[in-house]
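Alright, structures below, take your time with them.
There are two complexes below, and they share chain A, which is joined by chain B in the first and by chain C in the second.
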Partner chain A sequence: MSFSVTEPSIRTKWFAGTAVVLYAVITILPLMWIIATGFKSPADSIAYPPKVVFEPTLEGYVNLFTQRTRLNQDDLDALPPPETWYDEMVREQGQVITGRSRYGERFMNSIFIGFGSTFLCMVLGTAAAYAFSRFRVPLKNDLLFFILSTRMMPPIAVAIPIFLMFRQLGLNDTHLGMILLYTAVNLSLSVWLLKGFIDEIPVEYEEAALIDGYTRFQAFYKVVLPQAATGIASTAIFCLIFAWNEYAFAVLLTSGTAQTAPPFIPTIIGVGGKDWPAVAAGATIFLVPVMVFTILLRKHLLRGITFGAVRK
Partner chain B sequence: MIHTPMDKIAEATPEPMARKVRGLSDRAIAWIFVAPSIFLLLAVNIFPLIWTIRLSFTNYRVNRPNRDIDFVGLRNYERILTDSDTWMTMQATAHFLIWTIVLQVLIGFALAYLLNMKFKGNDMWTTIIVFPMMLSPAVVGNFWTFLYQPQIGLFNYVVTFFTGGDPSSFSMIGDVQLAPWAIVIVDTWMWTPFVMLICLAGLRSIPDSIYEAAECDRASKWRQFWTITIPMALPFLMLAVLFRGIENFKMFDLVVQLTGGGPGNTTTLTSIDLKREAFEKWRTGYSSAYAVILFVTVFGLASIYVKALNKVKER
Partner chain C sequence: MAQIRIESVRKEFGAFTAVQSSSFTIEDGEFFMLLGPSGCGKTTTLRMMAGLELPTSGEIYIDGEEVGMKPASQRDIAFVFQMFALYPHMNVGKNISYPLLSQGMPKAQVKEKVDEVAQILGITDILKKPVGGLSGGDRQRVALGRAIVRNPKAFFMDEPLGALDAEFREHMSEELRALHDRMGATTVYVTHDQLEAMQMGDKIVVMNHGVVEQFGVPQDIYDWPATMFVASFIGSPAMNFLNFHGIVGTGTTAVKLAESEIKVPEQLGGARGDLVLGVRPEHVHLDDSADYRGEVTATEYLGTTQIVTLNTPHGEIKARIPSSTRAEVGENTGLRFDERTITVFEMEKGRALLSAANQGVLNHG
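What follows is the complex of A and B.
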């Protein structure tokens, strides 16, 4: 490496590295604690001093997916022997499984609503972004600003009329209602991001296609879409993460059938008191996919979180 | 705008002919592509907004559908602006906004500055630091109540490990004095990486040649920092503040899970207050007026700020 006056010295680099690693360790600690708590027994989870070394158990996960009731020892002994390992685990706590918990259902709702709204958002967003990027749309800048400004409103303020409107239309607590709502909320992000990605594709490609006799539509889906694939994929992940994490609309507009996981996880309680390992297990299953996506997205992260205002 | 030979040919071709040759005209395609998005946004954003403004002049209550709806003029607005609770809420929001922004800018910029030294493995550490902000604030906020527990909570344990004292002697979310700081700490933990990423982009946009020139002029590192680094990264910093300001003005999920607005009203931010008025007390007309006031505040402050930002960029 050639010598450069602007290149920091080895000692400076070493200091910078240490400071950053220290911060990273502290900042990641609460997340590690969530994952660890999911594998603790209820007693270990509330031990003092907090336990770093513990015997891992799947109790939290079993409790997360089941509903249980406490029985006294005589009744437990009278039962037929447990059939499965999780039956046995619950029996050891002096409880029996009475059914399945709602977590699975809520998690599936999150997946269904998340993917549904992301798909719809990408279809609408790609089309709009292409038009804004390539054509002279009247009032273009006003429309683009309008699209962005919809993201500035506090969700609770928007929720009042949406609650009334959904009630009129029978969309309260339905999957369709939530999908439409999340699509609308995410449209601003996807139009702005995708416009940036499509702007970067040279117009010459399409012109060549048009000269070769393609129609605009063909040029759009045979030339532009494949070129924009990475951009579309990362935009889609951003929309998915938003819909996945959203809480305010979900807690106000859903209660039973269409409730997603974020409003549900905090309400998990065990038999007699808050069951933190079960909460942590639910949170872990819910959070880890997002961490994986974050790693996949790391190159486009900055663009995604700033609506394309900052490109690297 | 695109002015290519193709466009000129397209313009010169008579409309019916063009349709035969090219399928739909570009203008028709533009409309077909844009219209669905605009329609959805009108239906889910603008129509409700107009509805809110209309409701804000009435005494409507969702839970009493049979009562007559009276037009009450500006009474809702008058009541909100003269209510001392509203100003308490505004104060709590201001405390939260100012401190989260100050802390996140300081820590975020420092981290970006260090990461920009390009030591080995800095990309990996950046990704790790970014994790908290990608996660669900409601789920993570809920778990922080566990970390904040006196006696068994990890936070109290770590703090007293370094400071001495009894971990059960204080409760971050139960104490009137500490609760406003409890939410500032979690928000800072969660969103500092956001400021960091933007600052990092700002620092990387400064060309090395400027520093080389300064080095030739024998400017000290300190001088370089204040006359090159800060001014050139300033537009990025201001952008980060804009985003964090808007987001934290809207703040709901994280804080409602952490403290629920308590103890007392010490952490009742505007969104939490609005939620209570609208969905617990069901004062629909009143809360609509409240929502309108919040819109106007956000848009007003944001547009003033954007003007300032553009001025800085022009320099």
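What follows is the complex of A and C.
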């Protein structure tokens, strides 16, 4: 064998560097746009040509979290002076705060449903993947194919049956219903991904633990789970991203109590003209949890992507 | 410390029979080798003793207790895996202490034991290191440490030297043997390397196709193979086989090969038809006065000895003779066999016929 790795030339490095930077700019630009719009005033947000330099304001965020009503100048003047900075900000627009908006609640729904279904998906997925990987399951290949086949059509194709089913079972617009639904959709992905990861863990580790006096279950959670952490982390990210971003089912199956953020954000537009900064602020906050989660697990994610690529 | 007894143990994987009713006994304190080519069932046999596989039928006794269906964790044995199977998320010390923690041993006592084992194996200075960066030899020592730390009834080792460099194996095999002599615990060791088995083992079981071919001390197995498989698997070069057609009966002391009379140990059984004369290369001598003749086709110089390949009327044979003896390719020479070491096999069954020389070995094997 005569493979050799040569140091890339300066030109190649420059080319590669430029390509990466260009790609980064293209992908990050819309993100920056949204984040910037969140801090613009309504006038700046629709200015043409778009303003790159602007005076940042928290108006968008205040509007996002509040419900307001417009008053005429006389009524405004008759009010006692504003108590807080956001009261003042709203008064300057000729409005008063009448209450809290439902964004916080919707956001918490997203957190609860997204992380809840991801957690459930990991528990079930890891257990199923371990069983498929280690034990002689009857009809193993057929079952695995069946699990994969649930992913072969777009989930929304079964939206109507699911809607009817949920109505019968009283799961419409409930947190439990959404968690179960997202878990069901994600489970095939997580079983397959995790099975791949667990297959790569030599069975000798568990056997060593069995010999060392541990039960099968202890061997599983003391030896297999730490080994599978990378796989579980990267699979969890995939599951969370799906559940977090899911829009179609959320529109169809939730309206009040269990509504998640994605179907709620567009409805902000309707409140008092086209309030783009508030929409952008909602989107920006919505980005944070997945970003934090991914950054926390990024080491695992990177290792997960290259996992199994190198035979030791 | 325990005696291990295997009684008509059988293991099937679906339609495939990995081990066919094997029986043998491993005495307390023995260094016992399970030897055979890959796929012969030796590892499966070991794993059944350890409790990592359940036998399809038969009994396994450890220390007089039937354990065939007991889980591995309750058998009080240690296992050294071929790839060592050190827990990658723990450091060396944690790896060694792991079997003790499962017993709920107090921390101070665990530390004392781990230190003691590390002392024995000379790995005290790496106790805090992660296992990832260790050399093959150190991994091996850590794996051994994890095995000996809890004073198990028996050690099971599955080709523990297989993953090491050739030069290091020699050293490690000595270390292993010395460790065994020091601890005196029953050890069962699986290998496909006949030299390793001969070197280290007190006793050897030779397996092939899931069947125990022979069981005994290395010298007996080498000198008096029970089957043609054992004869050819052990020894390098392998035992020579000269196929002939003839009859042997009780009291036969010579067989006729072509025109020559070849003396054999006094036979105690009878057989007729296709027979095989088995003779080790070192028991073939070039002697021009002998009337059984062959032609030298190749010589291989090995330092003090040489391997000479000869063509005979009954097939090719190899002789291991001193390098000082002259042998040239193309030369026609007489061949003399040490009569007391010859084994006659029945071709069809592949089994050795009983003779005055091998009856002591084969009758109890």
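The rule we apply is simple: the second predicted complex is superposed on the first by the 273 of 312 C-alpha atoms of A that agree within 3 Å, B and C clash if a C-alpha of one lies under 4 Å from a C-alpha of the other, contacts with A are read in each partner's own complex, and residues count from 1 in each chain.
The rule is simple: contacts are C-beta pairs under 8 Å (C-beta built on N, C-alpha and C of every residue); 3 or more make two chains touch, one makes a residue touch a chain.
Since this is a predicted model, take the numbers as computed values, not measurements.
Once the two complexes are overlaid on the shared chain, A:Gln227 sits against chain C while remaining clear of chain B.
When the two structures are aligned on the shared chain, A:Leu64 is found in touch with neither chain B nor chain C. In the superposition on chain A, A:Pro50 makes contact with chain B only, while chain C stays out of contact range.
Looking at the shared chain after the overlay, A:Tyr205 reaches chain C, while chain B stays out of its contact range.
In the superposed pair of complexes, A:Val90 makes contact with neither chain B nor chain C.
In the superposition on chain A, A:Thr215 makes contact with both chain B and chain C.
When the two complexes are overlaid, the chain among chain B and chain C that reaches more residues of chain A is B. In the superposed pair of complexes, A:Ala128 makes contact with chain B only, with no contact to chain C. When the two structures are aligned on the shared chain, A:Ala19 is found in touch with chain B, with no touch to chain C.
The residues of chain A shared by its contacts with chain B and with chain C are 207, 210-211, 215-216.
Contact residues of chain A toward chain C in the complex are 202, 204-205, 207-216, 218, 223, 226-227. Residue ranges of chain C in contact with chain A, taken from their complex: 50-52, 71-73, 77-79, 81, 83, 85, 87-89, 98-99, 102-103, 146.
Of all residues in chain A, only 4-6, 8, 12-14, 16-17, 19-21, 23-24, 27-31, 33-34, 37, 46-50, 124-125, 127-128, 130-132, 134-137, 143, 146-147, 149-150, 152-165, 180-181, 183-185, 187-188, 191, 203, 207, 210-211, 215-217, 241, 244-245, 247-248, 251-252, 261-263, 265-266, 276, 279-280, 283, 286-287, 290-291, 293-295, 298, 301-302, 305-306, 309-310, 312 touch chain B in the complex they form. Chain B makes touch with chain A in their complex at residues 1-2, 4, 6, 22-24, 26-27, 29-34, 36-38, 40-41, 43-45, 47-49, 51-52, 55, 62, 107, 111, 114-115, 117-123, 125-140, 142-144, 146-147, 151-154, 157, 167, 189, 192-194, 197-198, 200-201, 204, 208, 211-212, 215, 236, 239, 243, 246, 249-250, 252-253, 257, 270-271, 274-275, 278-279, 284, 287-288, 290-291, 294-295, 298-299, 302.
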